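Take a look at the structures below.
First chain A sits with chain B, and in the next complex the same chain sits with chain C.
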Partner chain A sequence: MKRWSRWGDLAAGAAGLAIALGLSFLIAVALIFLLSRSPLTTIRYFFVGPFTNKYYLGNMLNSAVPLILTGLGIAVAFKSSVFNLGGEGQVYSGALVTTVICLALPAANGYLGGAAALAGAVLTGAVLAGLSGFFKMKWGTDELISSFLISAAMGFVVNYFITGPLDDPANNLLASYAIGKQYFLSWLFPPSKLNSSAAIAVLAAAAVFFLMSYTHVGYEMRMCGLNREFSRYGGINVSAYVVLPMVLSGALHGLAGGLAILGTQHMAVKEFSFGMGWNGIAVSLIAKNHPLAVIPAAIFFAWLEAGAKAAMLHSDVTFELAAIVQAVIFYLVTAQAIYIRYRRRVKA
Partner chain B sequence: MAYLRMRGITKLYPENNVLANDSVDFEVQRNEIHALVGENGAGKSTLMKILYGLERPDRGSIELAGRAVRIASPLEANRLGIGMVHQHFRLIPEFTIAENVVLGAEPRRQGIFLDREGALAAVRRVIGEYGFSIDPALRVGALTVGQMQLVEILKILYRRAELLILDEPTSVLTEQQIRRLFDTLRALSAIGKTVIIITHKLGEVKEISQRVTVMRAGRVVAVRDTASVDERELSRLMVGKPVSLQVRREPQERGRPVLELQGVRLLVRGQDRPLLDGVDLTVHAGEIVGVAGVSGNGLGELEDVASGLRRISGGRILHDGQDITRLDSPRLRQRGLAYVPADRLHRGSSLKSSVMENMIIASHHRFLRGGVIRRRQAEGFASELAARYSIEGDPRVPIGTLSGGNIQKVILARELASRTDFILFSEPTWGLDVASSEFIYDRILEIRRQGLAILLISSNLDEILSLADTLVVMYRGRVAACLPNSGGLTKELVGEYMLGLRQEVAR
Partner chain C sequence: MKAGAVILSLVHNTVGIMTPFLLAATGGLYTELSGMLNISLEGLMLIGAFFGVVFAGLTGSLAAGLALGVLCSLLAALVFGLITLNLKANVFIAGLATNLLASGLTVVLAFQLFKNKGVVRFELGRLPSLSIPALNHVPLLADLLLGHNVLVYASWLIVLLSALVIYRTPFGLRLRGTGLNAQTIASLGLRPQGYQLAAILISGLTCGLAGAVLTLNLAAFVPNITSGRGWIALVAIYLGNKTPLGIVVASFVFGLAEAFSNYAQGAIKVPADFILAFPYAITVLAMVVYSIWRHHRARGR
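This part shows the complex of A and B:
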C-alpha cells in the first residue's frame, strides 16, 4: 500500500509539473492574444519559430548550454540540501576571469591557454560559492543569504573591470577587448552560434550524474542531503558536505561563464550573463534536480526564449513578452516544487 | 457529578501497532487538582492529547459539564474552556509576554491592526485578576523557565479556560519554582478552575493533588483519593507485576572494561541543573549493562553522549582504555562504534533512501574501487543481511516503505555487521510486537556470548531485568543506583529508585 502511495507521489509530481507548464503556456497564449494584433502568426512563431531554420535552431540550442551548466550547479547543491543563490555572480565572475586570462596570454596556444582560462573560471566560481559553504561550516551563516550577497557584490566588481580597465575604446559597446581568435571554440552548426561548448555541457551532465549516482562522494553527498542526522550517526563527515556541494556548484557556474566567453561572446559584455544564474534554478526545479533531466529542461527553457525572439522579429510583440512568460513558468514551477515539499513535511 | 467524563477511550497507533489507550475511563471533578501518573508509554499523553483535540480516538466519548462534546482540534478545546501547557514551551522569545499571550486571539484596531496597548492592558488585567506579579511588557527571551511557564498559564487564562492540563510541568523547574507553581495551581483551584497534572514524581502527586489516576500499558489501573495512598503503593501500581520474557540469560564471566564513562557532565544553557551530573559507568566485555529511568532523567542524554553525537561538558569517556571524549562520529565509527538508536526513523535510517543505501552507511568504504561504490557487491551485502535477518522486501526499495519492525531489523543487521567490541542499544524494542522483540533479545544475548560489551538503555523495566547483568538506574541526571542483577532485584525496588524514593550507590 505504501508502495502505491509512493508511485502516487511520483504521479502527483509529474501531474503537478504538467499542470504548471500547461498553465504557463495558457498564460503565454493569453498574453499574446492581449498584446499582439496578429495573435495567430505570433503564436506560430513563438512555438514553432525556433525550428524553422538552422540559424534559429542552433542559437536556441546554444543558449541552452549555460543553462545546462547552471542547472547542474543548482541540482548538485539542492541534492545535498544546500542552497546556492549566488549563481549570477559566479557565472559573471567566471566569464571575467576567462576573459582576463585570454587577454593576458595573447599569443598562447589555443588549447593550453583556453584550458587555463576555463580552469580560472571554474576556480573562481568554486571559491566564491565555497566561501559561503565555509562560513556555514565555521559559524553557521546561512549559505542562502551569504551566497546571494557575495554574488551581488561581485556583479559590481565585474562591471567595474569591463567598463574600466578592460574596456575597449574601439568598440561602441560596454565591453572588454576581444579575446584572441585561437581561443574561439569551433562552430558546430553554422551559421548559428552553436559551438563545441555544447559537448562540454553534455559531458558535464554525464559527469555529475556519474558522481552523484555511482561514487562514494556522491553517495555521502546525497545521504547528507536527505538526512543529515542519519549521516552523522553513520560516520559521514557532515560538515565537509556543506562545503563540497557549494564548491562543485560554484565550479559549474564558473564554467558556464567561461564557456560563454570562449564559445559565444568572445569578449566580456556588460551584464551579458544576466539571468543565467536565476534560470538555472528554474531549470533544475523542472528537472527535479536530476542531472540528466537538466539537459531537456534547459533546452525547454531556451526554446521559450528563442520563440519569443522569433515572434519579435516576425511579428509585432516585444522581447519583454518572453521575459514575462519565463517569469510565469519560474513562479509556477517553483510554487509547485515548494508545495510538494511542504505537503511532504506536513505528512511526515 | 463529574465535570469531565471520558468513557471507553481507545486509540490504536497503526504505524507500530501500539494500543496507546485501551477502553480508558477517566473522570475529573469540578475544581479539583487531579494527578495523572504512569510510566513512559502508559498512555497518559495520548489521553490528554485526545482531550485537547490533538489526537482523535478510535472509540469512546467525552462529556464536559454534563454535555457530550466532540473535540476535533485545540481551537475547539479552547472554545470549550480547555487549555494545555505543554512540556516544551511554545513561546516566541523575541515577543513580549503580552504579545505571546494574545497570539492567535489578538485585540485589533479597525479589524486589521494589532492593538498593542489593548493587548498590554488585557494581559495586565488577567495578571491582576489572578494575583500574579509580572510585567507583561517584558521580552519572553529574558525570562526564567519558571516565568515562561507562567506565561503559558497566562495564555490559557486569557482564553478563559476552566480546565487546565499541565504536561509534566515540574520537569524543567527548580524546587523554588515548583513551590511557586503549586501555589498558583492551588489558587486557581480555589477560584473554581479544574487542573489535570501529568507527572512522574510521586512526591508531587501527594503534595498537590486531591485525587490520582494511575495508568499502565494503556489502561487505568487505579483511581484513588491521594490522601489514602502512599508513594510506595503508587509506585507498585505504576510498574505492575513483572512480566517474564522468554529469554534465558546464562551466567557468564565478564571480561576487561571496554567502555568507561568517568564523571560525565552535560550542561545546557537555559537549564538550571545539569542534564547529566557526574555519571560513572563501566561496561565490560561479555556484560550487558542496562540503564533504566523515567523519561526526563537523562536517558536520552546518556544515549547521545555514549554514541559520541553530543559533546560533554565535563568528565571523560574511554574505549579500551583510550580517551575518546573528543572524537567525532567518523572516527568513532572507524573505531568500531555500533549503535542502535531510539529514534529509528530520523537518526537510525534515511527513509527515502533504499534499504541497501541504509545498510552501507557505516561500511560503504568497503565496497569502493577507485572512488566508485561497487553496486553489485553492496547489493549482495544488503541481500545477504536481509536474508539472514529475514527482512522482507527488495533491498532496492526505499526503507520508508517497510514496516516498523523491518526497519528496526535493518538497523540491527547493519549495526551488528559493523560491531567490534562494543554496542549501544537504546529502546531496541519500543513499539515492536512480541515476535520482533524476542528476535532482538536473542541477537543481544548472542553477541553477549561472543564477548561484546553491551550498553542497553531502556525505559522498559521487564526488558532490563531480563537482559541486564548490571542495572544502572538514572534519576535527575545522576546514577541513583548501580546494582548487580543476580535474581534478588524486584521491579518494585527498581521502580523506587527510578522514582527517586530511594537513592544510594551499591556495589
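This part shows the complex of A and C:
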C-alpha cells in the first residue's frame, strides 16, 4: 500500500514535470516565432543544434559539468533548509585561487600541483559560504542575504586580480596568464572541450548521494532540513547543521570553478563563470534537490544554453533568449498547483 | 572650507542617489510585512528602467515614458504575483525567475529594437527639478535638499503615504496581520492572498518608479543597469527593521556609500573594482553588526 502511494507520487511528479517542461517548450517556440525572421531554422538550431556534431555535443556535456557541481552544492544546502545565494562568487573565487596556485607553481608535478590548486578552490568556496553559515549560527544573520552580498563583493575583487596583477598583456582578452600545460585535464571527446572533470562531477554526485542518504551526518542534515525545532528536541546539534551545509555547498561551488580552469579555460577570463551559480539553483530545483537527478537536470540546462548559442550563431536571435526560456521553466517547475492537480488525478 | 564643501556635495548627491533604494525598499516593505521574501525587486526595477526610457524615447514625453514604464513593471509584478499566489510557486524561486526574465527580456528587446546589446542612448529632456526661490537662501537646506528632480520628492511623498497606509488604515492592519498569521486573517473571512497580491503590485509600482529614475536621469539604458540595487533595497528593509523611518535611514546609508565610491573613484588612488565592491562589503558589515546588536539585546532581556 505504502509502496504504491510512493510510486503514485513519483508518477505524479514526473507527469507534473513533463507538463511544466512541455509548456515551457511551447512558450519558447512562440517566442522564437515572435523574435526571429526565419523561425523554423531558429527552432531547428535551438532544439537540435547541440546534437548535430561531436563538437557541439561534447561542449554541451562539458558545460553541464559546472552545473552538476553547483546544482549539488545547492541541493546539499536546500535539503538542510539553508540557503546559499553566493554561488556565483564562490565559483568565481575558486577559479581565481586555482589559477593563482597553478601560476605560482609553474614547474610542479601536474597531479600534485593540480590537486593543490583544486584544494585551494574547494577551501575558498567553503570559507566564503561558511562565513555566512557562521554568522547565522552565532548571531542569526540571514545567510541568504549575507551569502549573496559576500559573493557580489568577491566578484569585483576577482575582477581586479584578473584584469590587474594577473593580466597577461600578450593576449587581447581580459584574462590572466595561462596555466602550465601539465595541469590541463585530459580531453575525453575531441575536438570538443569535454574533459575528465566530467568524471569528477559524476563522482561528486555519487558521493553527495551517499553522504545524504546513507550516513549519520546526512541523516541529521536532512532532519534539520525537515524540522529544525524537532531535531533540536531529538538531541541533534542543530547549530552545527547551519554551518556544515554551507561549507559543503561552498566547497562544491569552489570545485566547480577550479575544475573549469583546469579542464576547460586554462586561464581565468573576466566573468567567464557568470550564471553558473544562479543556474545551479535552477538545476537543483528541477532535480527536486536529489543529488543523482542533478546530473540529467544539468544536462537539460546545458542543452538549453547550447541550443541558444547554436541558434545565435546560425540564425538571427540573441543568446539572452535562453534566459527568458530558463525564467519560464523556473516559474512553471516551481508552480506547485500544476503538480497537485496531477497527483490527485493519479491517486484517484 | 574644502572638506566642508566635499561633505555638502556628498550629502547632496546622496539624497539623489538614495531615491531608487528608497522607492524599491518602500514597495518591498509591503511584501515583507505581508510575509513574503520578495527578491524580485531587482527584476521589477530593471523592467521599469528599460520600458520607462524606451517609451520616453518613443513618445518623446518623459511623463508618458514614466507612466508606461511603471505599467510594464506592474504587469511583471502581476505575473509574478499570480504565479506565486495562484499557482502556489515558491516565492523565492519565482522571484529569481522574475529577475532572470527581466535581464533576458530587456537585452533581447534592446537587440530587437535597436540592434544593440550595449548602451542605448535616447534624446530626452532633463527631468524637471524642483525649485522654490523663497527657500534658496536658507543655508543648509538649499544646499542639501533643493535642486533635485521631482521624482526625488515624489519618493518622499510615497514613503510618507506608505507610513500612513501601513499603520493608520484597515488595509495596512490586515496586511501586517497577513504577515504575522495568515490563518487568523482567513478566519476573519478575508483572503490573505488578496493582501499579498496587493503588496506585490505595490512593490511593482514603486520598483518601476525606482528603475525609471535611473534611466530617465541618464537618458540611456545599459544592460543590467540596476546592478544589484534591488538586492540592496531588500537589505535596507531588514536593516531598517521593517519600518518606513528605518528604511529612509538605511537607504541614506547606502546612498552615501555609493556617493562616496563615486567620489573616491576620482579622488583616491584605489582600484575601481575595490570601490565597486565597497557598497556590498559595507552592507554585509552593517548586517552583521546589526545582528550582533540585536542578539545581545535579546539576551539582555
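As a convention for this text, the second predicted complex is superposed on the first by the 315 of 348 C-alpha atoms of A that agree within 3 Å, B and C clash if a C-alpha of one lies under 4 Å from a C-alpha of the other, contacts with A are read in each partner's own complex, and residues count from 1 in each chain.
As a working rule, contacts are C-beta pairs under 8 Å (C-beta built on N, C-alpha and C of every residue); 3 or more make two chains touch, one makes a residue touch a chain.
Just so it is clear, the structure is predicted and the values come from calculations on it, not from any experiment.
S.K.: Looking at the superposed three-chain arrangement on chain A, would you call chain B and chain C a clash or a fit?
M.R.: Chain B and chain C clash in the superposed model.
S.K.: Who does A:Y233 touch here: chain B (first), chain C (second), both, or neither?
M.R.: A:Y233: touches chain B, not chain C.
S.K.: May I ask you to decide whether A:S146 touches chain B, chain C, both, or neither, giving the answer as first, second, both or neither?
M.R.: Second partner only.
S.K.: Looking only at chain A, is it chain B or chain C that touches more of its residues?
M.R.: On the superposition, C touches more of the residues of chain A.
S.K.: Could you look at A:I27 and tell me whether it touches chain B, chain C, both or neither (first, second, both, neither)?
M.R.: It touches nothing on chain B or chain C.
S.K.: In the superposed arrangement, which partner chain does A:G164 touch: chain B (first), chain C (second), both, or neither?
M.R.: second
S.K.: Look at A:M137 in the shared chain and tell me whether it touches chain B only, chain C only, both, or neither; answer first, second, both or neither.
M.R.: Touch partners of A:M137: none, neither chain B nor chain C.
S.K.: After superposing on chain A, which stretch of chain B overlaps chain C: 25-33, 97-105, 133-141 or 151-159?
M.R.: Among 25-33, 97-105, 133-141 or 151-159, only one stretch of chain B overlaps chain C, namely 97-105.
S.K.: What residues of chain A sit close enough to touch chain C in their complex?
M.R.: Within the complex, chain A touches chain C at residues 35, 83, 135, 138-142, 144-146, 148-150, 152-157, 159-160, 163-164, 278, 281-282, 285, 317-318, 320-324, 326-328, 330-331, 333-338, 340.
S.K.: If you look only at chain B, which of its residues touch chain A in the complex?
M.R.: So the residues of chain B in touch with chain A come to 307, 309, 328-330, 332-334, 337, 339, 341, 346-353, 357, 361-362, 364-365, 368, 371-373, 375, 397-398, 400-401.
S.K.: Touching chain A in the complex: which residues of chain C?
M.R.: Touch list, chain C to chain A: 37, 83, 86-90, 92-94, 96-98, 100-101, 103-105, 107-108, 111-112, 117, 228, 231, 234-235, 238, 271, 273-274, 276-277, 280-281, 283-284, 287-288, 291-292, 294-295.
S.K.: Could you list, by residue number, the parts of chain A that touch chain B in their complex?
M.R.: Going through chain A, the ones touching chain B are 2-3, 6, 214-217, 219-220, 222-223, 226-227, 229-237.
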